[in-house]
């Protein structure tokens, strides 16, 4: 009802409307009109993506309210002194590009972006797309964890010159054994060296730890903008992100850099979702996520033990965890590891990543050794899994059940293969290692486990 | 039914699906899930916005089919040798930024973009946002029309050096008295000088003339990519555009430059719309538009005559037309002209632009004299109106009726004001000239004309 | 929006509602809730189907408004002095039963219902279901038409005694060669003899002639209630009818006879439809129907001539018409006639009825000779077709095209069969004559005629 | 998806369909078409409401499947030897009329229906509407409960003659202090005397006790048909019921008595709901209801004690319960009792009935003394509340909270009134006693209790 009331405030839905321009919010398909509640004008104007459209009062109100609720929920999640934010209908990668392009206008001479390595392709591509030269900072191994090498950052700044550096570009949410970056230290450096600091907080809003890191970095150091995904944090379809910051002027500058109108769709999704959940509802989801995280940890640890593997010690990562696959890695030239990944995927387990050792990948001419493990050579092959918002204990049980089956099957088939040397694998071995998901499966098996 | 069938091919809609990652296509609000037909994974992968997602076969098929249908409809519209295209969930301005950023990777040293002036803010901002220096080419007045100054382009290239120029950036669809750029000549220059050529074909797909221009430029010269809006050409909500070109490699390069996944929403809208219309349906719409254009021309011309104004002679502009407002401009220090624009807006006439003389605007530090008229000083104030796809003869009648009323009212009130010098205007005068739409109205009047 | 506004006025949609009864408007399936706009309480109360429900103000308003609009549209259609009406969620047959049961309370001793024969099963069954004895009045042949035998009615009343007759039960809308009953004469008899008169106006509201008949019968004689289908007159799904009359008291008596609540669904459908059409829209539909009727007549006449058949002369039937099938009837022991019907059905032509001679049918122990032709022995086999509201000229063209094909094919195959005596028919002959629709087809052929 | 697949099997949704009849499933409003999934042909044919429609294969399948699922769920609920059933788009009252009309055809001479009194209007009206003479059997008081007077039934049969009795008509589900009828004993009488037995099982399907009663009566005696509401048992909107029986022939006879087609809407609702719930889901709902019933009993008992009232002892009623209002009845000439009912209603508590002593009501000329209490003179005023399927513990808590407030308020205000004799009541006293719901409230108060 609320959506309809907003919709009738847009001029394309006025009874006596008469359009003589090139863009009049006409929608020819009724199916399309309905799915957008007849909101056709998008958001923003040519000057600013957060600007009010006189033609579209309803869409404008919806956009303003959504941004206000987004700000509220960011504060609620723990980044309490956030000053301003806006929803942008682009996913995290492109939104980071927009941040970099905005900074270019302020630092036209800067060429470098300093970036503690995280093996997630679109994060890295954002640097290249925006036209900058990445300065990759390898992570330090501390116990099982991979953490930010603050000293190297400091020395790189000295080497390149602060004025030539567009920004430091850190990451909170990531897959273990990497941990969220040491934002506090990086933030302090940024403040001291007068270098902007952009934080990729992709799915970090759902974790109080990540939010705390962003807040602390802003308190004791400098954070210019932090970017988060709407789909990963709020369970809406892919397509939007929230760009936020502690300085209204800078956030406005980003919104003004966006040239022209944009899709209202991600704002509409977030608007509906936040009103549906309410702040209590969202807090309950976050609490539930924490419980599921602990539950997954417990179950995965037990399963690992059963197979002679161990849960790695990654206390700084609040969302994902790792079990080693050392005994699998020893079998059959590591094929067992990739086979395991492939089998999980064909059994409808998505998201869990099997990471073999020794992969490498070229992204835009930059070679990443040990790709997916966030370091050139991690000490073992492993499987990593996450407990993200919306996951339930039933999901965990199902995941553990299937993983158990698959591990048992791989071990058995490898054993057989060891006996009858050279026999074909049950499932086509994947030439290249990597997560199962990287490979489109031919058929999907779904063992009768649910019965 | 088709949408549902595609939807159940996405893993988040599998019965036995089990997600252990950070992005599992979970949708918490049922309202949101439904409006997206439970397609939650968006389109593309980190490597490429046109890539297939193993997790989301249905979304991937939908995206591939939409791109194929878009290619078909572009060819049908007249750009017959188009090789490849893809729908990108960003409006025209940001899509042009993406083209420029892609070119930067190929021409890292180039700094300039040569751009025949068109007074549309986001087109121009796209240059600044991408981080380039605009070289503005003023238009030549030929009769009443403003046309591309090809000679100055040629001399500018000589002056700056072809290797320092990222691209020539031309425009087809625009508001009269400007006309579509001389694409053929510009395309030839690009070919000869080995400079890329990007065409802003924003709402040009609906006009066979614009399509012909793009095709000819490609035939005899060079066109690297041309960008068109989905909302303006296909009557879907704002939010998408189609990037197309004659060289598959380059179009793929653009799609690979996009970092990460993206909203499927504009693709879904276009998918539904194209299937609903069919190619016959779309061709009928285009034919109908041409008829309405002629009808509008006839009616507007007649109305102009009635008020001692004339329809300007702009034969090269196939979508919009202009009537002078000289007699209004003479009244009351030009206030009558802005008043007229304001009154149209409050009477629910959108899209028609009243352009006074002597406005200027600063966009990102660049001052545009005579803003909105595409030239520093056009010879008269005027009103411009367009006949875009979806407009009907009934719309034209309503527009002419209201314009007549408003012109009569302004003339009368100005006359009265002439008599009682210095009296307040009936409606608050707008300090700054410009289209009515630029100013949010306080109240909307809707004279009883419909009765 | 209006539906939602009504819906939130029902107590089951109140925010703080608390139900402690056995019927609280709870809807467990969200899909079901949505398709009813969360209107769950139905209409009426135990006392009266038109009563207001305190628990459900929105549903009650909707019901009252729908009845008011229905009254308006009945008057608009030509029955101008109608006093009251209400929508009842039962089709015409059951609604007629309700009328008869109401009359029983007023005439407890009456046993007979006098009914001019019309070969439509549920009309006749309504008499039996209500528990009365039908007195069937055979129609008179006048030219090609079958018309009401008023004299026999009069003599039957004398024979049985007026006080033993529950009502005279006439029909307006019917398939040619039967015509609407002579309502004026029957109405006069009812008035003179003090016998109630119930009119089955099933799809008569769409024809000014039928409406005129009802109005005239009321003017010069007596009509107690007339019943019309909502689906046949207003193009909504099957399930509702409107019971109307010229005496508010009697109509109220009928509504009070209905025991308990009832589905709001037919009222909601009519509410939406009437508001969507508006009175102008409905009048346009009626006008269009008349045009299509004339068009069909012209086309069918021409087609008949082509095959040596003729359009029968049935000027009193304003909706349907008949062409003879005499030449087909002569072939192959009348099998050609039934074959023709069958072939039409398998070619997706519905509604047109092929009526062979000599069929008989037993309905509740009553044998109807010459069933479907409204008389014991009509002088020829024939095909009858109707032009009902919503039919278009394109439908007519398609129908004529297919009928032509089928007639040609049957004639050809019959001829062949005549040559090779005793050969099997191309399509399985239907043992029993009758409309194709009576027989579930094995497969549906769809000749490539549309290509 | 399933609904769409069924829908495209109906001829009105065929691509090449061509209709030349009077009822072609055309739907003019798109909104209406959608809410019915384009199923327009309803269910049944003129011969039988369960018959297959050749024109509408999808609707027919849906109807057949729904009836099959309904049969399954009835057996699941405990009436295990049920042979056949069908959904009829009429509420319970009208469905009972249909049963009686069917019996009339088998027992044309019978005039009486023997009916143990239950104070629910439409049950009783069903007898009158069908045209029979009710023989009301007053209930016996046993402890606090009102139970079937089997002896009087037996003697009435002797008095009237078995052949003159259409049927015995009993009720399972009812409001305490009445209890479900002694079906076993009545069933035995029916068997012995060869009199049909119709059971009103309105909301009895949700209670294993009621189902057991029906089953037992069929085992040891005779049950011809039992009728249940779809909305009360399955939480769909009002409008349908299920007629079931132990003899397929008789159930078919009822379905054949229905004259003509009927709305598919209640079948569609039930189809969706049963598929959504699954048999497990429905069983969970029934289990939950039992728990809530016990919870309500406990809470209501405690509340009663607090106010010096008691929970009456009604062990045979499995769905509702009663607390006395004796202390309220003593105040202010019983006005306090009606005031209490009125206040509950204005506080959005629906369904709970306050029953004062000494009301009487005329239904169709029959005077019911002590109406609502199921007996001429119950020994105290009381409040009765039910725990029906779908009620939650939160509902109970809310109900108890509001009832507590209201009882406190009434007592306080009565006390004050006692002090200042003759002062006006806070809320307008209702002249006639009865449940609050009987009186449309002027305004709805909603005390700030939820805060």
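Just so it is clear, A, B, C and D label the chains in written order, and each chain counts residues from 1 on its own.
Simple rule for what comes next: a contact is a pair of C-beta atoms (placed from the backbone, for glycine too) under 8 Å apart; a residue touches a chain by one contact, two chains touch by 3 or more.
None of the values given here were measured: they were computed from a predicted structure.
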(request) Any chance you could name the chains that touch subunit A and subunit B both? (result) none
(request) Using only the C-alpha atoms, find the rotation that maps subunit A onto subunit C and quote its angle between 0 and 180 degrees, to the nearest 5. (result) 180
(message) Counting only Cα atoms for the centres, state how far subunit A is from subunit C in Å.
(response) 62
(message) What's the distance between the Cα centroids of subunit C and subunit D, rounded to whole Å?
(response) 33
(request) Would you kindly tell me how far, in whole Å, the mean C-alpha position of subunit C lies from that of subunit B? (result) 54
(request) Quick one: which residues in subunit D touch 2 or more of the other chains? (result) none
(request) Based on the touch definition given at the start, go ahead and assign the chain network to line, ring, star, complete or other. (result) ring
(request) By the touch definition up top, name every chain pair that qualifies. (result) A-B, A-C, B-D, C-D
(message) List the residues on subunit A that touch subunit C in their complex, please.
(response) 1, 4-5, 8
(message) If we count contacts the way the header does, which residues on subunit B are in touch with subunit A in the complex?
(response) 11, 14, 16-29, 31-32, 35-36, 39-43, 46-47, 52, 54-55, 89-94, 96-98, 101, 104-105, 120-123, 125-126, 128-131, 173, 175, 202-203, 229, 231-232, 234-240, 257-266, 269, 272-273, 276-277, 285, 296, 319-320, 345, 348-353, 385-391, 395, 398-399, 402, 437-441, 446, 450
